Every structure is written in C-alpha cells, then in structure tokens.
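In order of appearance the chains are A, B, C and D, and numbering begins at 1 in each one.
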Amino acid sequence: MLAIGLSAMTAYTIPDMQRSAGIWLAACLWACLAYFAIESAVRARLAMQSGGAKSYLLSGYGIVDLVGIFAVPIGLLCGLDSPTAWLWASLWILKLAQISPGFAQLGRVFVLEAKPLASVFAVFLIILFLSSAVMFLAERGQQPNAFGSLPEALWWAVVTLTTTGYGDKVPITQLGRLVSGVVMIGGIATFGLCTGIIATGFAAETRRRNFLQTWDLVSKVPFFQSLDPSAITEITHMLRRLEVPERTAIIRRGKVGDCMYFIAAGEVQVDVKPEPVRLGAGTFFGELALLGDSVRTANVTTTMPSTLLILDLADFRTLTAHHPDLKRAIDAEGQRRMNENKQLREVPRSGAVPS
Amino acid sequence: MLAIGLSAMTAYTIPDMQRSAGIWLAACLWACLAYFAIESAVRARLAMQSGGAKSYLLSGYGIVDLVGIFAVPIGLLCGLDSPTAWLWASLWILKLAQISPGFAQLGRVFVLEAKPLASVFAVFLIILFLSSAVMFLAERGQQPNAFGSLPEALWWAVVTLTTTGYGDKVPITQLGRLVSGVVMIGGIATFGLCTGIIATGFAAETRRRNFLQTWDLVSKVPFFQSLDPSAITEITHMLRRLEVPERTAIIRRGKVGDCMYFIAAGEVQVDVKPEPVRLGAGTFFGELALLGDSVRTANVTTTMPSTLLILDLADFRTLTAHHPDLKRAIDAEGQRRMNENKQLREVPRSGAVPS
Amino acid sequence: MLAIGLSAMTAYTIPDMQRSAGIWLAACLWACLAYFAIESAVRARLAMQSGGAKSYLLSGYGIVDLVGIFAVPIGLLCGLDSPTAWLWASLWILKLAQISPGFAQLGRVFVLEAKPLASVFAVFLIILFLSSAVMFLAERGQQPNAFGSLPEALWWAVVTLTTTGYGDKVPITQLGRLVSGVVMIGGIATFGLCTGIIATGFAAETRRRNFLQTWDLVSKVPFFQSLDPSAITEITHMLRRLEVPERTAIIRRGKVGDCMYFIAAGEVQVDVKPEPVRLGAGTFFGELALLGDSVRTANVTTTMPSTLLILDLADFRTLTAHHPDLKRAIDAEGQRRMNENKQLREVPRSGAVPS
Amino acid sequence: MLAIGLSAMTAYTIPDMQRSAGIWLAACLWACLAYFAIESAVRARLAMQSGGAKSYLLSGYGIVDLVGIFAVPIGLLCGLDSPTAWLWASLWILKLAQISPGFAQLGRVFVLEAKPLASVFAVFLIILFLSSAVMFLAERGQQPNAFGSLPEALWWAVVTLTTTGYGDKVPITQLGRLVSGVVMIGGIATFGLCTGIIATGFAAETRRRNFLQTWDLVSKVPFFQSLDPSAITEITHMLRRLEVPERTAIIRRGKVGDCMYFIAAGEVQVDVKPEPVRLGAGTFFGELALLGDSVRTANVTTTMPSTLLILDLADFRTLTAHHPDLKRAIDAEGQRRMNENKQLREVPRSGAVPS
C-alpha cells in the first residue's frame, strides 16, 4: 500500500501523467490516504486501551501516523495546488521506520557515539571553511562566476569534501588544485573516521542487543538451568535468536547441518517414521548433526509461530570444550534418541526425535 | 556568536550584499571581533593565574585566540581591502576545536596510527604518479588540452583516485580507460585501508579513554571497594560515564529500564511517597528494574550537577555471573529498599529509595 | 575460456569490429558455447551419479550452467538479431561465482546481517524521498528541465546520496544547495553504517569459518590429541589452513621464518644431507626457526597435494605460554631433530628432519 | 632528492617550462639520476658483502634501484625524444616503498585476505558486466554515441560502480536510471565489503606485528624475567615499542603523565638535583606518575638512540590488577626512588631516579 501510494504520488508530479491520468492517480492517492487513516485509527484505539492517548501521540508512531494523515488535507486547505499538496504524501515514507526492525539499534549507535561524531563534524566544518576561504582567494580572479563569493566556494567545498564531485565548479589555478587535492584526501580521512566510529559503536551495540534478547529466552530453557551463571553468560553471548512463522521447514533431511536449535517458545514437528514427533518449548533438536556425521537425518518443521535459539557448530565446540558436562548431557540425549530411533525402525512404537 | 560572525563574514563576500548592507555586516563583524577579544582576555588572565603566560600562549588555546583577534586587524593594516581582510575571520572556525570534546582523542588515533597511515599515503602517491605518467602518454595525442602536461594528468589522477570524479578531464582512449579503471579500484582499496587503520585505532583508543575516565570515579564508590582488583578492572571496562546537569530527570516512572546507576559525584532525588529521598555520592539506584521486572518504579532527578556511572543490563548480568557476591550485595540492598518502600506505603515514615 | 568468450562478445557489440571481423568473432563465440556445453554436461553427469538430477538442477551450479548454455540459442530462435542475442552471453560471467572461493562466506554475512542492512536501506529510502521532494519544490522554478518532476529529483537524489555525483543535475538555489549538503553528509553516514555492519559481520563470519575448517584437521593431528578440549579449542582458533599443490616449496633455506607447520594431509620432503627425509600427515616441521634463531635450516617441498596448518610465531608464543607441556613436547622433538642432524653431518645415516 | 627529481620531471613535461628552462631542468634530472646511481651502487656493494649479488638483485630493493637508474638512459638510447624518455623517471616514486615503513604489513594484509578480496572482485566483475549489458540495451537507442557498444557501457559501469561519476555518460531512460541506482548501491556494498575485509585483516595483522616486535625486547628486560610465561604474553600484548633518537626529551617535568617506560636498549638521563642520573637498558622510569599523582616530577632525555617500551596507564592498571606481585615490585622501586630523592634534597649524594 505504501509502495502504491508513493508511486502514484511520484507519477502525479510528472506533467504528462498528470494531464493524461490525473484523475486516476488522485483517486489512488485518496484511497491510500483513507487506508492509512483507518489503519492509524485502529492502531490509535489499541494504543489508547493499553497506554493512554497522550503517550501514543507523543511516541514516534503517533506522530508519523498523524503527519501522514493530515499533511495533505491541510496543504489542500491552505490553497496549495493539487500536485504540490500531494507532495506532502512523501512523508508517508516515514512509515518505513515503523515497519523496519532495528531502527532503535541504529539510533542508539548514533546517540552513544554522539561525542566523537560531533568532533568529526567539527573537523569537517573546519576543513570546509578554511578550504573555501583559500579557494575563494585563489580562483575568484580566474573564474569570477564560479567562485565569485564565499557561499559559492563553500558549495564547491561540500561537493568536494564528500567526494561527490559534480564538476559544476572545478579549480583551474595551481593553488586551487593543490588545495583541492588536500580537501579530497581530507574527505577520505573524515570518511574513514566516520566509518571507524560507527563500526566500533555498531559492533558493541550488536553484541549488547543480542545478549539482552537472548538472555530472557535462555532462562526459559530448562536444559540451561543446571549450568552455573558464568556458563549461562557465555552461552547467551553465543546463541542467536530466530523467529520462525508457522509451518516453516527448519531442517531438511539430507542437508549438511552446522547448528543445533533450542526451542524457547512454540513447537516443532520432527518427521520420523513411523509417526512424527512433536517437541515443545524447552527442548532441543538438530544436535545429531553436530555430534556425529554432519548430515541431517529428518525434516523438522514448526507447527506454530516459534522462537528458536541457534547454537552454531563453532560455538558448540568451544562451549562443550569449556563445559564437558554440557557435552555429556547433549551426548546422552542424542544417544537416547538414536537408540529409540533404531528401535522404532524395528518395532514401530511411540515418538522419537532424531534430526 | 561564532555562527553569527561566520555568517556575517560569508555574506560580506557576496558583492550584492556588500553593496546593500555592507555597513551593517562590518559592524556585526567588529562586534564579534570585540566579543572574541574580551573572551580571550578573560581566558588569558585565568590561564596566567594558574599556569603562566608562556604555557598559555604556546597551548593550542592561546594560539587560536591570538590568531582570531589579530589576523583581521593586521590584514587591514597591511592595506588589504576590507572584504579580503575579513576573510581571515574564517580562522574563527578553529574555535570549534576549542569547544568540541574529543578532539584530543581523534588526534591521538592519528598519532598512534601514523606509521601505517604514512604507508597508505605512500601507496597513494605511487599510484598517483605512475598512473598519471601512463595517462599523459596515452591521452596527450587525443586530448592535448586536457592531458597536455604531467601536472594536468596528476590533477586528473587525484580527482579519480579519491573517487571524486569532477568530469573535467575524462580519458577517451582504450588504454586510458583501462588505467582509469585500475586507478578507481586502487582508490577503493586505499580508502578501505585508510578506514581499516582508523577504525582499528579508534576502537582501541575509545576503550582506553573510557577506562581511564572511569577508573578514578570507580575508586570513589565505596560499594566497589570490597571487590578484588581484577574485578574492579573488569567493572571499569563496563561502566560508562555520564555528566548530568542540575535538575535533570534521569529515570521516569513507568519507562522500561535497562541500566543501573552509581553516583560518583553529586546528588539525586528519588520521588517516593510520602516524601522524596536523596541519595549522595557513593550510592546506587535503578537496580530494581534490573533485578525484577524491568519497569522503573519512581522518578529520579538530579539536585546538583552530578557524575553518574552507568552499568548496562547486559554488562550487569555478565558481571553478576562472574561475581556472585556483588549480585548478593545489590540484591540485599534492593530487597531492603523494596521492604522499606512497602512499609512506608502502609505507615508513612522516613526515606526509602526504590527506583 | 571465460575471458576469451566475454572478450569476443564485447568486441562483437562494436559496430566496426562486427563489420570487419564479425564472422571470426561469431565462430569464437560458438566455440566457447560448445566448450561450456561440454563442460556442463560432464559436470551434470558427475553430479547426477552422486546426488541426483533434481538437486543438481536446483543448485546454483546447475542453474548457471543451464542459463549459460541455453540463453543465447533461445535468443536467436526468438528472432533477435545476432549481436543482441549474444549479449545474453554476458551471463557467462556468473561462472565466476562458481570458480571463486568464499562466495558462500560473503553471502552468509549478508544473510546474518540482513536486519540491520534492511534498516540502513530504509534510512536510505527515507532520505532519498524526502530530499527529492524538497529539491523538486526548491529547484523546479529555476530549472524546469532538470527538476521538472519527482522522478527527475529522485534520480538526482540517488546520484548524490551515493556520492557518485555525475553533475547532470546540480542545484543552483540556496535551499537546494543546503539540502544537497545534508544529503551528501547523510550519504557518508549511510555509507559508514553500511560498512560498519558488514565489517562487524565479516569479522565474526571469518572467525567462525576458519574455526570450522580447522577443527576437523586438528582432530587428525596426533600431536594435539593429548591436549585437553579447551586447549584444542584455543589452538583451533589460532591455526590457519593452507592448501598446497604438489612440488611446491614451502620453506626456503636461509629465509627468516615466522611460523611452523602441521601436516593435516599429504607429505613433504625435507632436503637435509645426506639424503632427504619425508614427513607424512600428523607430523610437524619448521619449529626450529621458532625455538632458536629465526633462520630456516633446510628447504621443504611438498611431494603431493597437501593440507597444512600454519601456526604463527605470535600465536605460538601465546600458546606455549598457556600450555607449557605443549612447548616441552615441541622442544623435545626439535632437540631430537637437531641432534640427529648433527650426528648425520658426522656419520651419514638414516633420515632426520630439521627445517 | 626524490622530491626534487620528481618535480623537475613534472615541470619538464610542461611545454612552456621546457622551452624556457629546459636546459636547467635536464641538468637537474641528470644530477638526480647520478645521485641515485651512486646511492644504489653503495647499497649494492653493502648488500653483496653481506648476502650475495643474486639475492640483492632479486629483492624488491635491487629491482627498484636498477629500474630507477637504467629506465631513462635506455629510453633515450631507443630513440625516444627527451621529455618522453624522462617520463620513465616517474618510476623513481617507487623508492617511497623503500623508505616508508609498514609496506610489508600492508602487503601481508592483502596476501592473507586474498581469498575474500578475490570474491569481492568477482562480485564487482559480475555487477559490472551484467549492468553494462542491460545498460547497452536500454540506452543505445537514445544515446548511440555514449552507449553505442559494450566497451562504452563497461566504461560507464566502472565509473558508476566505483561511485566516481565523471558524468561523461549519464543514463536518460527510466530503465537505465533504475539499473544505475542499483549499480550505485551495489558500489557502496562492494566498498563496504572491501573495507570490512581489510579492516578485519588489518586489525589482526597489527596485533600480531606488535606482539612480535615487542616480544624480543621484553625478554631483554630483567624486570619481566620473574613473571610466568602467561603473564609475559599478556604484557607483551600491552606494550608499545618506541624508537627514540639521541637527545630527545621523553618526559617533561610538570606535564601530566599517562604511561611508564621500560628501556629495552639505550640510555636515558633523569634530571634530578643535585646531579642527573643515568638509567641503562633493562630499567624503567615514569612509574611515579602512575602510582601517585599524575604529574611528572623530572625531565627525562635520551643520551643515545634508544628503544623504549611504553606501558599505558589503562594497561598498567589492568596488568597490576591481574598480577599483584608486579605492582608490589614497581611500588617498592618507586618508594625507594622517592625516599632517595628526598634524602638527596637534604644531603646531596649519589644518583637517584624519580620521574
């Protein structure tokens, strides 16, 4: 719906389209607006029931919803012509921030790294200003049109320092070119600093976030309860969370497996013969591929929306090296399952769960 | 003031503005100059009282102050016309380096990584020179204007190697384009090296700086005194320093909390009923949200400028897993506070401090 | 063959070449096609013997092979003119993905980091849309040709946000330039985020992959069997795998050595006098340079394709510091070899293995 | 000399300069050539005495020297006109690789990361080829000059994929622009991968190199001999090497100190009253600032070229937390020095070494 709305709005600004199909595009835009209004109303009612109107309105969600609905009508009321008013519909793109996960994470990186990023921005401004002052002096004689005032030189400096390089203003004097070269190299260095800061912050934030998300789930898996707290911390850093919808294949028989799964919530079905087995929250599967040969021995699919914790082969080995008792417990369970599985093949009986 | 001064100076270089509002802009510039002169004089006097005139003049601060004050008047005395002389005011931008924090940190990264950065710069120069020599040979026949001499080719190489790409000189021969492609890919690699070096250095420097800043504060919190030195080192790496001005809300009741706070200096007020409680330096708060459910139970605001040490939820869990006694101590304190809190609700009495 | 085919195809699109040498190029292209068809047929037969036709066809390999063979003939049958149909041969470039190692690794990074990358892409789209809407408003009056509709403005925004900067559309109004500057800086930040995410993911993936590749090999070296599991995990993280073809020099006498080698599979020949010694899988060599002076004492070459595990000098020292018994074992073996070596120089006898 | 030579060569290619000052420039170039020839001859003789002519000639050094000397004369003999022959002098820039340190380090990163970089390059080529094929189809109708053949489209793709963006070829069709946008985003992703790989490799290589450089020096400092091997490994990772020339001030009295120094080789002089004290290899200084207040108490200068090992304050604290005996030893020495220092102020006697 978002894609349709934005496409229609974009098309509406093309004079040809407006003439030939303006009425249809406008209808489409009004339909989108109506859809968003209804969607927001539903969301607002839900939010008010749980939290109160004020907190909803002040949250990012509420503001984006409000702006999305009222910007265009207000524009039209203010007497803007139709295509210009509909331009406000470009604010609908902010709904992407509502949909896509991990916005909070990116934002946190910028907040935590605000100080060094501000320093880099200050360096950026200093290079910008000094270089454009020199450039103005060097080039105004030769190119009075391109470098006739400091704002013009500043524009050149921004374009150059970000290594965009439109080419609308190009230095031609020797001094100008020398300064230009320094600015470009400065641009690369600024770039590098920026990237370095963000990369450092992002790595720390990712680790932290993953730890927090996993911690609560780990505490729900009985298998981990017997471990001492330090081991739980270690395993929490290793596990990765995976949300799986209903009826999704997680393991396919015959594929090479390089991880095992703990079920934090939900249920999976293991397709063993003679009849499939169901595993609920707190159990694990997929460990056979890590213990013996690496080929999966059965299909595993979810029966309801589930949250799984993935333990990678590399981490599994590190972990079991540090905690031999954990390995022994998994080994025992795996052995038990394999035996049951063998028996079953001989004398079909109750459920068994290899994978 | 800095922004006003620089804007006025920028506007003063536009011929139109100069004609129509030159007198006002000049007045504004003189005012800024006067302001900076007075500010510098105050700072200089303070510096001289504490450290001595010489060290002030030789420090970055002193030089920036001096240049900011005297550059323009000297320019005017030397007979430059007014707008050109005021261009020197662009040096005021250097005051940004005085204001913004973390300049020392960025500088240290460049100093420590000077050797590998010099190597990258050497690679840069080698690619630059060799490619422009080849380019000069390849293109001078076809484009005698654009590639008529080696300096012209060098200019092209700088613009291309930094991936700026003005487009004022573009190779048209097959050989020239091949070399061009290699130079561009070389540019990306150089860029990558640069970024890699800076990112590596920055990560190390950030860790080091944070440790040093936090260490002194940690030693002032009595709660940590009982820990053995190795645990103090560990916790110091985890804490983050936060300077908070007076009367600032730190915790809001009902919000989800993901960190606890130690007060290194200052005082906070916890708004519990029947009457608020004040916590001074050396105490901690916000631990209830980490121990039980994650919702904050009271507002906390500073009563004076304070320095807090933040312990993140993820780090809190890792830490208490490694040091069970620390967890026990925090648990006990939290329990005590909750009990007191409950009692208070029944029989209003003296201060209690949930959060 | 791939290079020849693609060159011929490229040349075939140049009108001049087509006229003068069209027949030869077409012949060359048909030859390449035939070669690829035969190669694919061989591969397909092998795959079918081992795995079954279906899994081959569905694998990346099978699809690339099929597309490479049938795209051009189908194009010709559909009535496309010859050069246009041969353009489909550009799909041959996908064979590079079959040849080059590490594609799976890069792909895994993108899959694991899909969430944050999606967030960055959402940020990208939001900046793109909002900036082009503002730009359209700001510039359409002054430049009705360049910014006459929103798609035109979007094109400008993409070119600017990626810091490509063709210069075909350049803002000239003050507002346009201001927005432009913000977009460029936004571009750098997006870039930085992108790089930070990928760098973080890549570092984790590299570590994981190396661990898995090495683990299986380590378990085959008897020398490591005596270590406890935790030490094996540690050494596995340190070793680096190296595939060496037959008859390749690994160590050259007189060179400075900074690593030792464990033979996971294959055989090497150590050129000691009076007659060379052969070392098989499970043994190690090159340790003398790490223990005493750092100069290699003999040439070592492979006699068959071998898999070596490299232990770097820095890691060797860390490892032996943590596991003194490991150092003692290597010391003993080294001593034994040196003694044998000395004896041999006096009384030529059976094989000895210095390096 | 290198700078002069290259400048002269560059100037020699400018037609104006050649006419007016050609004779002087040629003289200057011949002088440089003579200088390099003599320098190389000296170096070659030294190398031959130590290693043998063959290894010198095959080393990077020898080849660069030879090329630098013979390229221009051979060019002249082959009948090239003078400015063109002198262009070969641009190979002199390779001498930078001889001078600048850390080239080996950068090279090693590329060698170790060769596999993933090759994969990225393959991705680069795949995007390049496919996008230029699509572009050729999309744009050849509208712009037969700019996109008339596949090589032209390939040139556009290189310029776009590296985000250089000359603007000499710009897509104008809708499809072309869409593909263009994808290519630009692909360029950013490729860039990010490249940077990520290099950053990961560089971080590992830096750590490794620093460890190796420091290890040998650490083993020479008697103070560290008493530590167990695992502690030596830890401290080796923390120390940073510093080469200091003769008569250089290392510590200035009154400055804030954040590191201590171990002398691996050389000698320093501590300016304490009544007479300075000299400290030789194996001793340490600067520890007082880390133990008590952070202000340096005496000037320290080198008396000969020295190699120092720097222990940062943050690392000092971590280290002493892990190894209390180390702290005790440094404490004792510091105490002894302070006492001696006090005594000396009362009764001038033999040398004492505060800092």
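Simple rule for what comes next: a contact is a pair of C-beta atoms (placed from the backbone, for glycine too) under 8 Å apart; a residue touches a chain by one contact, two chains touch by 3 or more.
Here the structure is a predicted model, which is why all the values come from computation and not from measurement.
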**Report entry** Steps needed, at fewest, to go from chain B to chain D via touching chains
**Finding:** 1
Requested in this report: Answer with same or different: of all residue numbers used at the interface between chain A and chain B, are over half used by both copies?
Outcome: different
Query - Cα superposition of chain A on its sequence copy chain C - rotation in ° rounded to nearest 5 - result: 90
Query raised in the report: Most remote chain relative to chain D, going by C-alpha centroids?
Result: A
Query raised in the report: In whole angstrom, what separates the CA-based centres of chain C and chain D?
Result: 26
Requested in this report: Would you kindly tell me how far, in whole Å, the mean C-alpha position of chain D lies from that of chain A?
Outcome: 36
Query raised in the report: In chain D, which residues are in touch with two or more of the other chains?
Result: 151, 163-167, 191, 195, 197, 199-200, 203
Report summary line: The answer for chain C against chain B in the complex is residues 163-167, 195, 199
Query - Contact footprint of chain B on chain A as seen in their complex - result: 115-116, 118-120, 122-123, 125-126, 129-130, 132-133, 136-137, 148-151, 154, 160, 163-167, 170, 174, 177, 180-181, 184-185, 187-189, 191-193, 195-197, 199-200, 203, 207-208, 211-212, 215, 229-230, 232-233, 236
Report task. Under the touch definition given earlier, write down the residues of chain A that touch chain C in their complex. Result -> 6, 9-10, 13-15, 84, 87, 90-91, 93-94, 96-97, 99-103, 105-106, 109, 124, 151, 155, 158-159, 162-168, 190-191, 194-195, 197-203, 206, 258, 312-315, 317-318, 320-322, 324
